[in-house]
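Paired with subunit B in one complex and with subunit C in the other, subunit A is shared by the two complexes that follow.
So, the complex of A and B:
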């Protein structure tokens, strides 16, 4: 799928290792390692299982949201609603997925006594979350059929999701279902669960998207839709599948976040929209052309989380911290641009 | 049960402190401020007060360090990460102005489990292991209506300016206002807009709703940071300025002073002094010191009335908010009141 020139056999090993293509795929991992080493230098205490757990914990939901964003990027679209959608999932998770319809704060005091099981079953939460994924698939269909700009559609949807989230959970509260909490507080020997989870996410999505036939078709739909359509694939179906996958991973992100915070807040993930785009781009994905990297996306998400911690450990003045976060992003992306330029020159 | 564990933890802490020295000593303790937002004058003043008071405390050797950290954006997830980083840094206490009362509970619990004292203030957290230096925001909203009821026994129509939607402070103040209105039936809220605690947003929101409102609005109930914007919106619409409750911001107080001098305009202004961060600091220091501190404490309001307007305005920095800093004795007093 890549348009990068393949290295000639005549090239030396050094030239091959420093080819833009290799550099670009190494850059995300390289930035992660640099920031991690800097953190270890500043705060040696971070170099322990507990320390790593605390450092990487919150990158799990961000990584899942980044994967969701990546699926949308993959078909040349952009999802500006993912943050609000994750917030919606958190709101539903903290209420209906825990105590059924009866757990909705809006219904407090209106319930019959005793409460029938149909109102307390978490199945209602499962249905609502499944409907959320369904809505994502329909969005994909809408964007394809009406040929609408995804930015406009998803920007509109972000208000819908945010509104629904506030309706479900008007004030922060609720509680994470026990199984969600149990998964996110799993303790694994030696390597913290957060890192295990990140690796699993990266590997599963990598194999699904980069190593299966249909994964190649999805990426192809982003790279060259016309030829994919000529080969007999339904572009409508491809769009729907990739948006549904985005909805699915967005849902996982919401549940993972809920498991970490233990309680819900409709506004909890507003920042995820930008983080997921930044994470995906940091990880080597492109806005167009179906050029994405699941492993890179996970690494990008982790890098963003670590950059945050790094600045805390640096004890920067709060006023500068805000700017410094942006500066780290710009530096890494500038390196990307340099590598791309080098590629274009060849 | 949770209270019992708290007491046990406290006892254990007391024991360990007592073992360290004859009288509890906090000079080697490190306290961190975790702040979720620095984008308005109130928060800026809060950070300055913290710097001033804790800087002195560190210089005096009361504590070893008192560092302030602010997240780039007002986001729960970012602040949770910040708290986790503070655990790693090995702080003994975290003073916390939380982005969400519930969303940080996971991170706060992790801090408590690591043996760290967590004192939340202003934006408090519900996790039982943390202390809460809470503002009775609901009472603040209710006080506004009570003031109006006293001032205007005949009542009338009110416009409500709310804060940022979905933030619990907004819900609390608003529910206090509505409770006050319910108890004083001569008042009626005819319109409600979100001013996001910012003058420009409030001005736009009020300007937008004004044409649909009746002419005889007697007062505007606010949440602070929005009074000046509301006044500008009324002026721009060419309508008489009703009584607008202020929120201790310098621009609001200055406008009030101008109106007072020009036409005897009367109102009141109420908010929480940003220096409450220093109160929370001393509370944390007291807990580290081994003092018996109840988990729930209440912050006094800073109220400005017609007669002490000039004095407060003189003490308020341009672009700032009326402020007062708290001392160790103030903290002890608040603790003693909570015990009663």
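So, the complex of A and C:
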């Protein structure tokens, strides 16, 4: 037995394609294409593989951070510490993940000679990064059990992460581990690696969150936590899982950023907090209600990065660039509001 | 004591108290396989609490719960209920609006996982929808948030009856037809009869008495947290059900006889028509009048108060109000108090204009006002500068009354303000309201407690967002209110 879609009979294909739901879901991709075309118009040389690579490179870490933010948004919370956390990951990655504890600048001159194996193994870096993910899971538990506003908890944590990052790496320096650099400088035929990476991120997360059975439960917990609890699911576990996933993708963002810059800087990702929120919202996620879109988040992050390049190509006075970036954001979000209004009027 | 194996579920002497409120006061109830039990009662009778106990979301304070003859009281939880096949359709919709129909089925069935779960979940729910509501027009991939309320309710009902690894033994339906049209409601009730005939069990809660009498094998009437009547469905008529729901013999004939209408002279202060009202009826409140809004909880009374409060806002029906208004909230924690403020500030917030000196709030005036009302209304506190949360619930409510009464408001709206307040405080506040009404203030009082209607000069009974009865004090009886609250059948 087949079922007609909810669209009432007699609706034409055109009407269905211009329905608010469809328009809303193609808006992020539409914005990306418009900005890309504008860049090609201003700078035709960007249309080459190398040009695309340069355009999209920086969007990989931003996309990963946006995905991290999206997992937190998914359970009706907000992570104001993601930027500082990414900075912390960069600092750890540039030191401990490369040369073990011995690579910490603070220990310079205090090391025995010869340096024992235990102090140079990158395993210490792996342990610290894993602990970071563990802290994220615990934050989720704390926010759920004590019913705390996530904004306050993560704002506090942002100072903790920033402080730790400065302790690990007081001045810019260190070096990216070889494998991180190798991954980020991979070259793929025809399509630049950055674009391939973005597509893979979008597909993997889309599959994990939107298609798996547990992904549905996580999103359900954002949409109607009471109903999910009544069905016997543990909201505590859900919150911990989604925060841990945020921590995991935040870590990937830090490593990706480190691979691109090759040296570390504790303050490198300060802007990521706002960029990740803007990217997720631009991509169709909402602050409450568990409405998220991984593909949209990746597109949103790419759009933000491209908007930056676009403004550079415009040769806009750098003083106005951040404001202009904000204006682009407002225009796209205003379009979404218009679509929502059209829907409400129906 | 713990019943027989035929009892799908059996409760013995189950109690649940919330502070001073005895939501369940020793309830005995047994549901057998192949039986549909109807459950009726007015507001606060304990139906919802009973349902929460059965579904495992509320732990009972005392009593025994047994499933198929086995005592499971200790550690009874949502998981226990689910494994035993007890399913609930709650009155407030409990689907996730951001998920698809199939994904919502998944939330309830943990067995729907692994490869191809989306297809299986979709097939399961659509198959069940086909069985209960043929021609429903819902697809598995539809977002629940995009569906109409009626269709959402259909999905939720179908989900409760759908079966994966545990059979649905007992399905509890709380007002399942409230947003369904007559045709779809009939489909559901027919399905319930089939389900019961096949050996399943149902508890049906509804304010449509005709529906209950026609569908249920046995009807249980609750009042004040107790079961007060229990008979075969055919043993009740609409009238005898209504009579069973009301309290015994309390008839305030003297009060009715002594009633004098305040409507003879002058223009009304408030005139309001509910949005859903189709006939010409409207709500009218004159100076010095106490007007009661009655009916089952959630049938448009609160919306009416909010429409009056937000007078002039479009789309809320036609409302005209003269003179300033104040609202006494019933949901203290969410709508009423400012939890970080002192009692004095909580009292003065509605009267800031009168408490000003220049541009600033005059703390001396605020304190004087709070002190005056502490005396008058009897807020039990040594110091009005204490935090509002230092007060008991009843005294917090008094502070909210003081906030409204101390203001310049000529009309005071009350949103079931006595919920969970102790008897002593209630009596004091009733006296206060009557006194203030004598002084010319108008009160519009939404209440879920039948007794409180005795204080009103005029009562409007609401059902499905409309005024269905308009009773002056001289004609007010509990029976009339119940009759209007529970309508015969859907039009």
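Convention: the second predicted complex is superposed on the first by the 339 of 346 C-alpha atoms of A that agree within 3 Å, B and C clash if a C-alpha of one lies under 4 Å from a C-alpha of the other, contacts with A are read in each partner's own complex, and residues count from 1 in each chain.
The definition used in the following text is that a contact is a pair of C-beta atoms (placed from the backbone, for glycine too) under 8 Å apart; a residue touches a chain by one contact, two chains touch by 3 or more.
Since the structure is predicted, the reported quantities are computational estimates derived from the model, not experimental observations.
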Clash or fit, subunit B versus subunit C on superposed subunit A: fit
Which of subunit B and subunit C A:220 touches, first, second, both or neither: second
First, second, both or neither for A:211, with subunit B first and subunit C second: second
Touched partner set for A:233, first subunit B, second subunit C, both or neither: second
First, second, both or neither for A:196, with subunit B first and subunit C second: neither
Subunit B versus subunit C as contact partner of A:342, first or second or both or neither: neither
Touching partner for A:170 - first (subunit B), second (subunit C), both, neither: first
Subunit A residues touched - subunit C or subunit B, whichever exceeds: B
Touching partner for A:267 - first (subunit B), second (subunit C), both, neither: first
Contacts of A:148 with subunit B and subunit C, given as first, second, both or neither: neither
Superposed arrangement, angle subtended at the Cα centre of subunit A by subunit B and subunit C, nearest 10 degrees: 130
Which of subunit B and subunit C A:123 touches, first, second, both or neither: neither
After superposition on chain A, the shortest CA separation from subunit B to subunit C (Å): 28
On subunit A, the residue positions that both subunit B and subunit C contact, one per complex: none
For the subunit A and subunit B complex, residues of the former touching the latter: 43, 45-46, 51, 54-55, 57-58, 61-62, 166, 170-174, 257, 260-272, 305, 308-309, 312-313, 315, 318-319, 321-322, 325
Contacting residues of subunit A [partner subunit C, same complex]: 1, 3-6, 21, 211, 213-214, 216-217, 219-220, 222-224, 226-233, 289-291
Interface residues, subunit C side, partner subunit A - complex: 55, 57, 78-79, 82, 88, 90, 94-99, 103-104, 106-108, 110, 112-114, 117-118, 126, 130, 137-143, 146-147
Subunit B - residues contacting subunit A, complex: 35, 38, 47, 67-73, 75-78, 80-82, 84-90, 100-107, 109-110, 126, 165-168, 171
